Structure formats: structure tokens, C-alpha cells
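Report on the following structure.
In this document, chain identifiers A, B, C, D, E and F correspond to the written order of the chains, with residue numbering beginning at 1 in each.
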């Protein structure tokens, strides 16, 4: 007897490349709830293939907005913005009517703070730290931040040599736990997928995967919305724009 | 075909009265996931019938610890501490090995911060505010706190005259939203059950129920633990005490 | 004898309308340094005519990035992003090599904190507050914020009935100074131009104009850059993306 | 001529062992004011012999509450809760009518902040840090915290080999002063008694003893209460519970 | 049998008028410990008769420094700087070798935070608030601050019409307790002496006197210094200047 | 054709020595705007030759106040207080009517936060750190502070052996950028003049000179005041004292 679909979730790789789509589809298929339908999209090939730079993020924002908007029209219950900068999260929560939107940093930080007192974030490059630290403070977790650790790898490097990446993450995580006092480790890039289990087993503290956490958080939030009507508050910060304006300006 | 039990959750009314047990059992049965088994317990009748005072909280702590400990031995996946002061939350997360422990304030605040930018907490008495405000800051949400609103009612007053309680909560919520800038409302007592829907419908922003939210958060966290091994980090803040000491001192 | 051009500054109205371009050109011509050349641009007509919503902001980001990039190529010394949300400020400072980028909130807040101990921000709608408050905290001025005051007007309302707008701003400013303890007033929208003088005269505290302040700050910063080489640090948060990627992906 | 008793103070070792009672009695006799009567109590032998774990703390809370309550009935002017976690401090201040209650962390932090700009806390185990850091922030001294230093010793280890303990504390203190910028050292456990003098002499900055400081603070506060009526405010956070409820539930 | 002198304390009215010296001498004689010798000084008549302005404070700084320095030479154990701005407190703690220095805001805030969760400060003029709020944050009590209340009176007005002053303080205190959530009241000027008792009796929460509190704190700190060697740490923030320089420049 | 004087600025070396006057005059002449007239003053020879100690600062405060006051009377548009402690800044802004007052720490921090996300301050001695850190927090930049680095040099050492000073600053700056994550370097003493260019060239991030920055900030602020009337708000924190009192007490 087939399971009825209860939650339709779109995972967005906000990148101008589909190299992560297939592996993400496989990973999410494995970890989704039985009643969840998952789809993965990325953006047109002429866009940036990674968004390590804030100016790259900005270039994909209209595509992200349109994707979010279309997702709701197509009946998705949630969209996950698959980048640890949480790009466009406020805007996406504005644009939707009832759909849930999640992102890695917010969901990982909230979860981490329940699992331990302090956390470290393992990033690819030093360049990423300022924008991410800003988010850590914005979400209210400045006091819980033990450290950032840098792997000296770009978004597209993590999957090249799995053993090497694993070695670096493990070393960074052990350093964070032992010397910086971290009790929980966050993998600070959706490109760092496939590593959390091994590192977690070795280091002995929770190691949060930046793709899985926001996806499961989306399932959780959709459930709450469906049962209790708890969705993004539309009274101020996430107030939706007038449909008339959207039509007049052919926006999304 | 009956649903197999996937998650066993114990909801604890940390009070020396069982007056809330039956209504909570009914409420949670309605809102639990199909695969969740729920049980509700309260404490021996000779204890305090409410814990509006921190010194009352302290009197039930051993019973709470023993209940948490026993729950894990009996195979529960999670325990919910049913009081908005989140009493004994750190201690409970220490004492367990793999079981998840949740509580209202922490779970409501994390959820609220995802649903909106600012929140107000509707409490029974002014007396409750200092301890709760301390928790709001501790969890990292000091900047999101719009206001506390006081109903001038005790824990056992909320269910006496449902219409009157509803009227007061509604008035407080409207005041918070209109004048204090709140985008999300938290009902700051597990005794305020049965009101969120009507108030939410009237005020138009999410109104979080202090019993439902930590219960659903427990289901969510148990799922994460089962699938991904993400449980309370045991390396420092939640390190468990040595079993030998527990036996030597016949502690729990 | 004509003054040689020392500083070329582009004021960007990040809106899909040119209604503000002419008045801004006139205002900036009047207040610029003698050696400054000023230009004003807005975006294609098919974009949003205001960006009161974060999702509208996101829709103009590529145009903003391209405008910033092109401005540097065309020899501008600075660009001013003319919206009090400071949209894309981090991204813009990344994308440039040596050009200075300023925006209203950052420049007004830094100036205000030198002029007084506390400040209030007068906004058009309640909807604007959460994003702006986030910026106030991000820039480090959370402790100096006395209040937000709401005029209940949109970006395109301010210039409709000058007397009415003046009356509302004056009332809000007086309220902020008298009851909220504000020592400096910020007009929290570039659309609120033309009012600061009268209000300042009446209220007796500095009233900062959201268009003039970032423009003069840009002149100041260009001077510092030219004389001392002090420009946006490119080592981490504002590191520029590789030119090769920009070309490969035809980004800006 | 014998000194009349002006202040009666009870020092509570909140432990299920009396091994610290005699040494504390001797130490406090030496350092008390002439007009102070001091008594030292510990808890029944079947409880935890140390409370390094929050769940152990919780197990002694009823005994602590009863001890506090009884102390006031027996005419004590103050009670000192002898554990650097400050367990049950809020609850104890509720339960009393006029009696003063003090604890190590609060009193040491307030004193340290008067003696210097930054402080380090020397603890036995890493496990203690999260709960203590939480208290440092709660009391308002997060910005003054230079570091925690870990001795890798338990509560009952400090007095085993005095020379070794002294050596480790000295090394930790010197490291904190030299490398972490600490100007004041706090010995973060009442079990670390007998060391402050030697370490202070060697390191040259104030080294605060976790047993002496709250005791002297209690004397100071009792004096203020007696002369000026300044006692714990009973209007909200420390409001006492109704006597009727205490009787009905045979609580303390 | 006369009491031997154990503590010699100098109370400094840092004003160019002696109008407060006699009343302060009388008040302090009444409230000092039996073994304390108290003296009260003010500054030469050609200085400012009040220091409501920071620029007035600055004009008396050399006289304050010299007075502090001379006090230590004359064998005083402590000096109290009698102004709620705590003028020159850091400098005074530098200049001394072993003498204790206290001031109203620091001592009242530390005490208030032990007595309750939140506090309000009753000041003479709005003008005083910014500098005092800065101190509240500096000392770590920003989160405990409920409000400032303004009496619209200057330093020399408080003692003119005792009934009127009492009436205004009472009104402000009641407002703070009832509407702002204050649990402790601070009288934010040493000129507000003689009122705390009546207001405290009427309002029912601790009302701290800005002259008495730092004086008793000085007695407490001198006791700690004498018994335990705990004095201002001289390793960094309060490091004393070289005597050679003081002599070369005939400084104090 | 000679340039008309538009801005008259007084740079104050608040020291009892004129050794820095001539080099500062030369440096400021080189970097001032064409229309700016600059003067440099120091204080009488019998005062402290440096103000590394807060108690030295206090000794020069009356001279500073008088100098500020006289400067305004003599038609200066701005005064710069040349010490990185920003001594007397609040007081100076009170005492003036329309004149602008700036100081190194405030102006460098505001500029640094525009140029990068984090900053390190290179000081002479560890002793300076606490007072400066206090200012960093007061101005709102606590979250941006990467580190303080200590050169182990006094104010009068920096210019003794230029190569050695350069070597030390360079090493400290490189360490801060590489290991502490600094994106901008602040030279934390006006005595560290003459080094910023070389260090900046070598380290590749902005290195701010503590004398130049507040001077240029003064020019900027005078321009804003002249054009827009934006001067220090006189309504509360910077309210000026009554002229009558100043006369009665012959204050400045």
C-alpha cells in the first residue's frame, strides 16, 4: 500500500549548476519521512556555479524568488534554501503565503543550541566567516559560538577527494572540541554532505549536516503548520507584498 | 492495520496533582503523530499542586529526576517537562543517556524566532516574569522579546472560566501585537491550554501553545536522533554522571 | 575657473522608476562638494517601483550589482545605495576593487552616534521595522536605539502632500524626543527627502536625511581612500570574487 | 567581656557528606567578624557526596530548601549556599522572609568586577564550565570573563595532595594572568579552600576563595538589612509563596 | 571603653561647596560601623558647586586625584567618591597603592542586582541619563535596567523642600515599581539623601541611598583587604603610575 | 589665488610636553583639506608628559576643558583630542556650543567598521587595554573586536627607533590579520604616527592612524555642520551648562 503524500518539499540548490542535484536527491530520498515528496532544483547554467561570495548570492536572488513563488503555486509545502549563508531567507518568507521556508544556518543553530552549550562551524574558506558570524549573532547565538574552523577548500572541492576532505573535517572538529570547547559541530556548507556520520562517530559529539537539518526542519514546520496553523507571521517582518504590485511589475 | 509504535514520549506534569493529566492525555492523543505513544504523569499528591514559585520547583526536582531516569529505563524516547520555567532541563539532559528531553520555553522560543521577528509572552502573574526573562536571555532571544503581558491569574485559574480566560488572553495578545510590536504570541504556561486556536484566529499571528510545542519538538528531535544520531552532546554541559556514583548513593 | 573633478559619485535609486532621479539630482547638486561630480540612476521600468519588501529588494539585486560594477569601470569613486535597508551593501563592497560604497542606515547610524547618545528612526510602515532593527543591531547600535516611529505612509506617499508629511514627521520626532529619549532623529527612508531642515528647526535636535548623509559619507570616504589608501578591506568579508569566474559566468 | 552575637550565619555544604564541615567550621571561625556566630551543616549521608552534576544538584534541592527555611525559623540572619554553581539561589531567596542568602559565584563575580576589569575562573573539570558560564552571563559579567581554566580534578581531589593542587592552581592562574589577560582569579569551587593565599602571593593579583567571599558578603548584607532594611525585594522575582500552601502541602 | 579605630574612611563631596559636608558627616556618623572613623571633605570654593555636567566633573578631577592621593598618605583605608556619575573611579583606583575606592553607581548596582531582578534609577534631570546609562551598561547591568525616572530637580533642589522632594521621589518610585517592573529603586544622586527610608516604607521594595551604599561598601571592602589582601588588582587596568614620574611632574 | 579658510581645526596634544606638536603640525599640514587651517597645541610643561594612566588623564582635564572652550571662543570649528583613550570627549561636547569635537578611538572604530568586519588594536602596553576595551564596547563595537596586540612600548618610545617600532607593529599587525581574523588594523596611540603607510603596504589591509583619522573626521563633521546644521545634540547627553554658572565659578 503506497504512502499518501503529506508534505511536498522543494530543496533548492541556489547555484547555476546541477552537479549537486542528483546526489542531494539521493540523500534526501533516503532521509525524508515516508509521506514526504522531495524535489531538487538548481538554477540556469548561466549563473554562478557557487555562491561563496555575497555578490554571487545577489545574482541568483531573482531566480530564487521566482523559484520560491512558483513552488508555492505548484503546491509545495516547503522550500529549503540550500546554502549556509541562508540567502534571501527573509525575502522568501515574505513572498510566500502559507509555505514554509527554511535554510541551513538558522535550522542548524537552533538545533545545536538544544543539543549542547557551544558550537563550532567548519567552513571552507576564511572569506565565509564574516557573513556567517553576522548570522550567528542575528539569530541570537553569539554567546554559544566557540569558533569557526577553516578547511581551505571551496564549495566544489569537498567532493573531489572524499578521504582528504574527511581528514580535514575530522581534524578541524577534533580541534574545535578539544581546544575551543565546542560541544556540537556544524558543517558550514551544503557542499560538505556525506561526512557527518563518520566525523560524528569519531569525535563523539553531534555533527550537523547543512543539507539534512534544514530539510528535516522543513518537514517539522510543515507538520506544525498543517496541524496548528503555525506559519511565518505575516503581520510585519514577513508581510507579503500586494498581489497587484506583483502583477503590475510582472515580478516573480 | 495498526500503526507500529515508533516514538514513546512521556509528558510530565511536574505537579503534585493529576488534574491536568486527563485533559493533557486527550489533547496530546489528538495532536501526536500516528506512530507516537504518549503517556502523561504527574507527581505524588503530597507535593506542590503548582510550581509558580522557584522554591516549589525545587521541591519536585528529585521526583522529576527519578521520573526522567525511569522513563529512559522504561524505553521512552523522549520526556517533556511540562512547565514554562523549563525546570531541571539541564539536569534532565545530563541524566539521560540517549533520551531526548524538551521543555516549553526553549521549544516555543526557537519556533517563535523562526516564525517572526519579535514575540510576547503571556503569563499569569508578574511574579513569573523575572525567571522567564532570565531564560529568554539564556536561550539567546533577549533581542526578540517585545514584552511580557500579565493576566493576573494563577496556574489553576486558567481552566475555571474558559470564556473569561479567553477574553483576557485575547486582550493581552492584541495589546502585544498592536502596541508592543509582537509578531508571535507565546502562551507562557502549560495551564493555558485550549486557547491558542481561538486567539490565533482572532489576532492573526501565530499563538504558540506551551504544551503542544515542546511535545512536537520532542517528536522532531527523536526522529533526528533515530535517523542521524543527533542527541544531546554528552561531552561537557550534559555529561552524564558515573553510574557507580548513582548506585552508591541510590540516587534516582 | 572651473573646479577640477576630484570625486565622481553615483547615487543609485534602486527602484524601477525614475521619479526620484530628478529631485535627487537637484538636491545632490546643491549639497555636493565643489569638486564632486554626481550622477543619479535608477533601474529599468519593469522592476519594482519601491522596495519596501525584502523580496522586492532581492529582485533588483542583479541590476544593483551590475550598476555597481559598471560604475567602477566607468571611473566612479563611490556609489551610494539609496535605500534605508542598505540592500546589497556587503555584496557591493565585495564586487568593487577600490570604489567606495555607502548606504543610508550605516552612515546615518555612525553619524548619529557621534552626535548624541540615543536615536529614533522615523519609518513609513511598521513592516519596515524588523529588517531595519536587525541592521541597527548588526552595525552595533542596538543600545542607542530609543524607538522606531511609524508614519503610516509608503515610499511614494511622502512627496504627495508635503505639508501633511511634514506634520506627521514633526509629530513623530517630537514624540521620540520627548517621550522616548531620542537625542537624534533619523529619517528612515530616502523618500523622506526635503523635510529634515524644517523638522530640525522645530524640534531642536539633529534630524538626519537618509539621502544626504550617505552621499556626504561617500565623499568623505573617497577622500580618505585617495589620500591614505583606506578602502574596504579585501582580505575576508569583502574579498572580491575571481575575475575568471565573473567572465566564465558572464555575471555582471 | 564576651562579644554579643549580632549576626548568625549558616554555611551550607549542600552535599551528602560532612567531610568539609569541620575544615569549613575552622576556616570560617577564623575569618568571621567578632559578632558573628557561624554554623556549618551538610546533608544526610544518603545524598550525593558532591554536586558536580546538575542532576546531583537537583537531588539535594528539597534538603536545601528545608535547610534554608529551618535556618530562618531558627533565627539565622543569613545562609550561604556552598557551591559555585549557586544552586537554588533564586528559590532560596524566595522562600525566606527576611533572611539573606548568598552563594559563591554571584558574590565572587560582583567583588571581582570591583577589583579588576577581567577575571578567570579556575574549575576542576571542563564539565563545570557551561553551567558556570551561563551564570557569569546571567549575573552580567560576560564581558569581563577572560577564561575558564581546567585543573582536571574533582571536588574531592583538591584536598588529597595539597602540594599538587597548589601547583596546578598556580600554573592555571599564571597562565590566565599572563595569556588570557585576567586581572582577578576566582577559585571556582568551594572545595578549592586553603589555596588562595599562596597563589595570590605568587601571582600578584587578587585570588578569591569561593567559601570566604560569599560568607563575608553575607555578613555585609546582613549588616545592611539590619541597619537600612535592604533585603531581597519580595515584589516579583523573590516573592514568597503563601504560607497556606506551604502548610497544605507540608512542603518544607 | 572606647572602640579602637579599625577603618578610616574619607567621604568626598567632589563639589566646590561644603553645604553637604555637615549633613553627610551627621548621616555617616550614624550609620558607620563602631570601629570606623569617618571624615567628609569637599573642594575649594572656587570650583563648581555641583557636577551635573560632565565638563564640571572634569574641572574637579585634579582636586579629586590629589584628595585621593593625600588620603592614602594620611592613612585612610578607603575613599568614597560622592557622586552618582562615579567620576574618576578608574583613575582613583590606579593612583592608590592599597586604599580602597568606591562610588555610588557601581556599589548601588551591584547591591541592587543581589536584591532583585530589575532596578530603576531616579534622577534629577534628563540630562543625567546618558552618562549614567553608559555606566549601567559598563558595569554589566544593562539587562537589569527597568527605567530611569526624572524628578525635574537639580542637585541643590532636593533639600530645599523636603516634603515636595519626598512626594516626587515617591511618585516616581511607585511608577517604576508598578509600570516599569522595577524590583529595586536607586536614588541616583548623593543629593537625594534623607529620603530612602520613607519611600522604602511606602513602596515596599528596597530603596538604595546613593551616599550610604558606597560608604558601607567601602567598609566591607576594607575589611576584605585587611583580612584577605583582596584589593584593586594592580596588574593592568588599575596599574599605578611610576612614583618617579609623579615626582618629576609634581602631579598630585 | 590663495584658498579661503573654511575650517579652522585645533589638534590638541593633551600632554605636558610639546615634543609631538611640531611633527603633528607637519603631518596635519600635509593631509588637511586645502581650505582647512590647522593649529596644534599641547599643555603647560608642568603637567604629565604622557597620559598612559587614567589618573594622568584626569590631571589634564581642566586644561583640556579650557582649551576646548577657548578654541570655540577663538573661532575654531573643531577640536581634536589627540589621545586614543578619547579623554574628556563627552565633557568637551557638552562645553561647546556649535564646535565639533572628535577623538581617535571613536573616529577610528566607526571608520574601521565601514572598512571591514573585524578589527584589532595595536597598543603600547597591556595597561592600556582595559580602558580602551571599555570604549570599544561603549561605542558599540564589542562584537567587531578581534584582538588587542601589545608592543611593550610607551608613548615616548615609538619615535625613538623608527625601524624597531615599525618591525614590532608589522609583526603585531600580521599576527592579528593571520591568527585573530582582523580585517582592519588600528594603531591605538597618537604616538604611533608615521607608520601606517608602510604597515598597510606590507599587510594588505587598512591600517588606521590615530592622529589622521580623527582630524579628517573633524573636517567631515564641520562640513556637515556648516551645510546641514548637524552638530552634537544639545538636548540631553551633551547639554551645555548655564553660562551664569560658568561665570559665577570662573570655570573655564
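A few notes on this one:
Just so we're on the same page, contacts are C-beta pairs under 8 Å (C-beta built on N, C-alpha and C of every residue); 3 or more make two chains touch, one makes a residue touch a chain.
Bear in mind the structure is a predicted one, so any value in this text is a computation, not a measurement.
For the remaining chains after leaving out subunit D, touch-based grouping gives one piece. In terms of the distance between Cα centroids, subunit A is separated most widely from E.
A straight line joining the Cα centres of subunit B and subunit F is 53 Å long. One inter-chain figure worth recording: subunit A and subunit D are separated by 44 Å, centre to centre, where each centre is the mean of the chain's CA atoms.
Chain centres here are Cα means. That of subunit A falls 30 Å from that of subunit C. Residue positions of subunit F touching 2 or more other chains, listed in rising order: 117-118, 126, 129-130, 134, 137, 142-143, 181, 183, 236-237. Chain pairs recorded as touching, per the definition above, are A-B, A-C, A-D, A-F, B-C, B-D, B-E, C-E, C-F, D-E, D-F, E-F. Of all residues in subunit F, only 16, 46-49, 52-59, 61-62, 64-65, 88, 90-92, 94-95, 126-127, 129-131, 134, 137-138, 236-237, 239-241, 245, 249-252 touch subunit E in the complex they form.
Against subunit B, the residues of subunit E that register as touching in their complex are 117-118, 143, 181, 183. Note for the complex: subunit F touches subunit C at residues 31, 33, 102, 106, 110-111, 113-118, 139-144, 177, 181, 183-184, 196-197, 200, 204-206, 208-209, 212, 216, 220-221, 223-224, 227-238.
Taken in their complex, subunit E has these residues touching subunit C: 126, 129-130, 133-134, 137, 142.
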